[in-house]
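Please see the structure below; I have some questions.
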Amino acid sequence: MTPSSLPRVMTEPLVRMALLEDLGRAGDLTTDAIVPSGHIATTLLVARQPGVVAGLDLARLAFQLIDPAIEVQITHDDGAIIAPGDVIASITGPARGILTAERVALNFLCRLSGIASATAHLVAAVQDHRAKIVCTRKTTPGLRAIEKYAVRIGGGGNHRFGLDDAVLIKDNHVAIAGSVTEALKRAKRGVGHLVKIELEVDTLDQLREALDQGVDAVLLDNMNPATLAEAVAMVAGRAVTEASGRITPATAPSIAATGVDLISIGWLTHSVAILDIGLDFKN
Amino acid sequence: MTPSSLPRVMTEPLVRMALLEDLGRAGDLTTDAIVPSGHIATTLLVARQPGVVAGLDLARLAFQLIDPAIEVQITHDDGAIIAPGDVIASITGPARGILTAERVALNFLCRLSGIASATAHLVAAVQDHRAKIVCTRKTTPGLRAIEKYAVRIGGGGNHRFGLDDAVLIKDNHVAIAGSVTEALKRAKRGVGHLVKIELEVDTLDQLREALDQGVDAVLLDNMNPATLAEAVAMVAGRAVTEASGRITPATAPSIAATGVDLISIGWLTHSVAILDIGLDFKN
Amino acid sequence: MTPSSLPRVMTEPLVRMALLEDLGRAGDLTTDAIVPSGHIATTLLVARQPGVVAGLDLARLAFQLIDPAIEVQITHDDGAIIAPGDVIASITGPARGILTAERVALNFLCRLSGIASATAHLVAAVQDHRAKIVCTRKTTPGLRAIEKYAVRIGGGGNHRFGLDDAVLIKDNHVAIAGSVTEALKRAKRGVGHLVKIELEVDTLDQLREALDQGVDAVLLDNMNPATLAEAVAMVAGRAVTEASGRITPATAPSIAATGVDLISIGWLTHSVAILDIGLDFKN
Amino acid sequence: MTPSSLPRVMTEPLVRMALLEDLGRAGDLTTDAIVPSGHIATTLLVARQPGVVAGLDLARLAFQLIDPAIEVQITHDDGAIIAPGDVIASITGPARGILTAERVALNFLCRLSGIASATAHLVAAVQDHRAKIVCTRKTTPGLRAIEKYAVRIGGGGNHRFGLDDAVLIKDNHVAIAGSVTEALKRAKRGVGHLVKIELEVDTLDQLREALDQGVDAVLLDNMNPATLAEAVAMVAGRAVTEASGRITPATAPSIAATGVDLISIGWLTHSVAILDIGLDFKN
Amino acid sequence: MTPSSLPRVMTEPLVRMALLEDLGRAGDLTTDAIVPSGHIATTLLVARQPGVVAGLDLARLAFQLIDPAIEVQITHDDGAIIAPGDVIASITGPARGILTAERVALNFLCRLSGIASATAHLVAAVQDHRAKIVCTRKTTPGLRAIEKYAVRIGGGGNHRFGLDDAVLIKDNHVAIAGSVTEALKRAKRGVGHLVKIELEVDTLDQLREALDQGVDAVLLDNMNPATLAEAVAMVAGRAVTEASGRITPATAPSIAATGVDLISIGWLTHSVAILDIGLDFKN
Amino acid sequence: MTPSSLPRVMTEPLVRMALLEDLGRAGDLTTDAIVPSGHIATTLLVARQPGVVAGLDLARLAFQLIDPAIEVQITHDDGAIIAPGDVIASITGPARGILTAERVALNFLCRLSGIASATAHLVAAVQDHRAKIVCTRKTTPGLRAIEKYAVRIGGGGNHRFGLDDAVLIKDNHVAIAGSVTEALKRAKRGVGHLVKIELEVDTLDQLREALDQGVDAVLLDNMNPATLAEAVAMVAGRAVTEASGRITPATAPSIAATGVDLISIGWLTHSVAILDIGLDFKN
């Protein structure tokens, strides 16, 4: 998967919203009181932890929407692997604007880099297998587009972006429909030719029923490696296989070794730690 | 601190935004195709982990903005301590709406409960001391108001809500001003009578200089317990003392034992894990 | 495909926007000057042409957002086939509000009913064949979700909802990639497991190349029936086949007779005439 | 009437909204996967039908909001008469951005050019008479300002822009007021000195009553040419005369020959076909 | 002129915006800390000055958007003449919500009542003459619709609502056109049949030229009463006459005595004092 | 207090909103009809009254958002003291854009300059005393940030920006709490370490009770100078003292002479007259 920049038309509203949230009604009281308007500073975005950087477009926008005179020179672009001490970018311009935008820029950058880094960690853990790491819809309200972008930057892939771009039949849907077969029939009648259908299965019996009906992908939820391997064998390439259920870097290799196509991981977006990146003043 | 509900006028725009983000342009393809519009379901929000619940107003709004016919009965309100298996609320009504709103409701509820739970954990860790746990401005873009609310629900307090409701003089401000003394003088000249002034100090010399000038609060950044204790003694009640710097439940007691008034913790909002809460169908 | 109501959270912002566009800064000058505020009226939405009704939820919202005292009783719901003179709904309440909301309600209702009716006309024209009628992304800016809903109400299906929910490789993409093969390879590398890939082909050679690579769907653009039939035979069920290119109710049967799976029609949303529906006052 | 450009402050929100509607949460999957970010293309907006071009400002904005590096050179500006094959503009720059913005740019341009072209067609049909072609409030929700602009570009004029910029007394207002006389009296009392008053009349008796009271304009609804001519004679210049009621290019000349001042046509905005304009890649 | 309520669809966004502006990110710190959530209060909106009340719909919305349990009973509706001590409305419900919404409710109510009261004062000053008091476009950014509504409530009329609902040719337009005659010719060519044209004249020569061309209204700017009377005589009913230029309650009678139709007053909206209305707690 | 520019990210949404409010759906009918698009004009913003200028950033934005080709050269920046006839700025560029933006630019500039000028007048009136002039939350809905900015430009200070950045305990809070002591205790428990607490007192007994409890500031409401002086003596520096209650330039000196720290004045923002500034065309 080729990661791609998000068009500014998508990111700018988020950055404006975050700046207004931080500026409130009075702006940056501290900086306005202490820093002379003519003071020029050179500062560096410096990694404090190893990881993968993501979100520089948003960080740059934060600075430049506060003051277009601020120049941002990027030395490690989104996707770069960084070590503690690495300079990611240098930010030069009026010190007032740099200080005022700093927190918003870092809030975006550290969060997205945290997601990219955790993704990369998992990707590395399964590199000997075919399994791809993907995220879920368990994202931060309002930030889904950029969080899923960060997963791509980290080398992962994206599951559904919303309720409307694919069918994912879960246990409760099956229960209401009455059977896997009936649920799949209704789904196939109900959606367009460009919509893929995935079904969550809890047992191999359900899996067999799904394969008999035909399905694009199966979500094998909370199965242990042995059962997963059996499921993959049963599928035999007739559907994409996805494993899920609290998988960690420690457990991912054994899951991947079962031959599943995808490992989906909710905590990549709902419980990930930021990557610590700081802004250091050179003068 | 008495936690208070956020007025709906503040939360409703967030919930609408999150629902539209998830519904996209075609709505819930899966549910619309499989679940009959007349199907009524009774479901339960059930804790999967121990913790403190927060965010029920937002979860309820998610269901009711999708379908006002959905009834939400809360059995453990915000602030309640919950154990795995506890029923937090029952949600009854058209199954379509419940399934469509489920993910958005849980994304808010699990995140805010995660913050409240981590806060409560830290609060308990320092309960033998005067120190209060507070959060920072390292919040999720767009969610600051509700994340800080969750900290209050967990028994913590709030630091600044933005750049505009208090002065916090950091190292770079001091460097530009030339000295702690000059920075404090400028700040006092520059802000109104209802704005408090806090100063970050890295050394006891800086602290002495700040106390000589007079300051409402001092942020003692990355000091070890011994130095912190010395600082607290030097302050001698003349200012509020705040410790910060990657403090965890493990290290918090020794920090609190120094006598500081506040322990501020960025990861409470930027790197916290969700509290796992699920939606179980009863029929 | 089961048509489904759009959640109010999706339609309400559109109706509010349209009402504000019509009310401007002074509201309904005519009605406010002439109609007493206590005057109650009973009015009927009456079909002036035969067709399929669509958009009643939006029409109802228009009336009720202007005055919640207005009651809307629907007698022919979305999807109903209506003849001239049929009463679609009765609207009773303060005459001021009914007159003020009338134009906005009808602008939504007549447009969406026009789309549904034209769709139903095409669906009927191909009813002896397997071909399904689908719309495109040539929709009215801002109204895509509701226009595609109207197509579903008319018995049609939906193609992509946007640039982000499926891959559609067009001639210019192929030209830039260098070949159909290369374009397909890049697409498969670039997107997730729930994203289908469709390719536009202009010749049978391109089609063969696409089938060799494997593709979910092929868009057979501007081919005559003979070539289309040949293409369908060549595909032999290995991909969904879609015909496009200025197809009308007159030409649709011969296109459908070729055995294609889908007929996509841009003018359903970009050049369709409204269905004439009027609001008649009974008293 | 001198057509004038709409200020960007009015058009930019529409173009941003349309781009976000098309980009969804993941952006242009196809182009991002297939087209290298450095690929530069030269493309041409080419007329496929004869007509009048309108909406180039919005098309240009669509390209430049996606990528400011895209240059748009216009060769036939808004209002130009174009023939099939005419190049309207050349668009040069990064191919990714051109492909991503293409559909939104064309959706605006083709719709507005369709309106301008249909208007010009009608204007030509009545060119031997005094009658001016005008549009109505039967516009697309959200697009009224730009659709009425397109009518002006086609040589037509604009009727009311909303409920608040003029009085238009319709049959139901008259019925509620009790008489034409009473309706006009209330209207004159009710509105300001810069608001004109128009009254819809169905009979010559109503017309006589309106003229006795004094009125700025009369809407002669669904009258045949003979009655219209009689009405125009009765008015004798004391009010602006407007004919309406499903008038087409075929019937417009005979309507215009009655001497009416205005012919208003709802289908110009509610049921017009687009003008087909395509984007051709030169390399 | 019959004053009319503004539809809630127009006022609700303003009240929501004002509440969010006041609540900020943390809500009402004082009330949340001090007032128990179950405390019920009965309060009264009481006039502190004589005047005309306007804006009760917005005040009521402020309370009910904060807490729908708050009941508002209006005893003196918009347009009522009130004396100091008069109870305008009683507000009963949870004290928290009443206190939180109080300032926003009063900010709207006192401002709009101030405008209505000043208008009524001027209307009374000219009651022996034909002159009507009207406002201008010198309104508060964002509040034009409600400020012009308040003028109507006070018995005045409205001038243009914006740049787009009438033509007002000012001195600079005339200067650029070259003459009054040329400016009027261009305006008549340029606008639709429902748009009135007014021209500002500084001299009687300009007035004569305008009347020769024909014009709907003339703005007689900064003329003394003698010149105004001469102008009115020259017009002789051929156009609406409007006087302007820093007219006060003291000077208005002599201006009105000249026989002008309208007196327009910018300070009604740009420099008016509020009407003092307070919220008194009964328990 | 150092006045500081508001970041454009805060002002631009206000100026865009005001321009759209004035342009409506058809733009500037007058200018578009009369002024040729190529006409270039040089114009001057000229003071008609003495005062202090404020709001030039917003005025400049109004012109440049309508047409970026308009150049604005400022000769008297925000905070400058101006006399009648002084040129504040010269505006050069396309005459159309200048005329279209004129009213919005002046509406912002005259209002904010009016506030700054009235503030400066009061500041001068108390210059021999320690008292600082501050504003309140009685601001125009939507404009709080810029109105409080104007107060700073005039030499004044800001009280609370909203309900959430400080505690202000008023009489009704005290009544509900039962006593000053209880109200203060609840407030101190309820809010964070960076939130100051102010209490409104009506009597010296209440003041004594507040001082016993400790409080950051006391609002001495509607006290006469003698009582105020007694209060200030009783406080003896233990809290900031603030006087309020319809204080005017005439009464301010005697109030200030009591030694209070602050004089807060609601009418600075709710009832202030604009400063008259005009736009003169040079050619």
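Letters A, B, C, D, E and F mark the chains as written, and numbering starts fresh at 1 in each.
We adopt the following convention: a contact is a pair of C-beta atoms (placed from the backbone, for glycine too) under 8 Å apart; a residue touches a chain by one contact, two chains touch by 3 or more.
This structure is a prediction, so every number in the text was calculated from the model and none was measured.
Hopping along touching chains only, can you work out the least number of steps from chain A to chain F?
The least step count works out to 1.
What are the chains that chain A and chain E both touch?
Per touch definition, common to chain A and chain E: B, C, D, F.
Quick check for you: after a Cα superposition of chain B on chain E, what is the rotation angle, between 0 and 180°, in steps of 5?
Value: 120 degrees, nearest 5.
Centre to centre, by mean C-alpha position, how many angstrom separate chain B and chain F?
33
Nearest whole angstrom, what separates the Cα centre of chain B from the Cα centre of chain C?
44
Using mean CA coordinates as chain centres, what's the gap between chain B and chain D in Å?
51
What residues in chain A touch two or more of the other chains?
Residue numbers touching two or more other chains: 1-2, 21, 23-27, 32-33, 100, 144, 158, 161-162, 164-166, 186, 189-191, 195.
In their shared complex, at which residues does chain E touch chain A?
Against chain A, the touching part of chain E is residues 21, 24-25.
Under the touch definition given earlier, write down the residues of chain D that touch chain C in their complex.
Residues of chain D touching chain C: 14, 17-18, 21-36, 39, 41, 95, 99-100, 103-104, 106-108, 110-111, 114, 137-144, 161-170, 172-173, 175-177, 183, 186-187, 189-191, 195, 267, 270-274, 281.
Could you pull out which chain D residues touch chain E in their complex?
Those residues of chain D that touch chain E are 1-2, 132, 134, 157-161, 164-166, 186, 189-196, 198, 216-217, 240, 242, 261-262.
Can you name the residues of chain C that touch chain B in the complex?
1-2, 4-10, 144-145, 148, 158, 161-162, 165
Spell out the part of chain A that touches chain F in their complex, as residue ranges.
Result: residues 16, 19-20, 23-27, 32-33, 37, 65-67, 97, 100 of chain A touch chain F.
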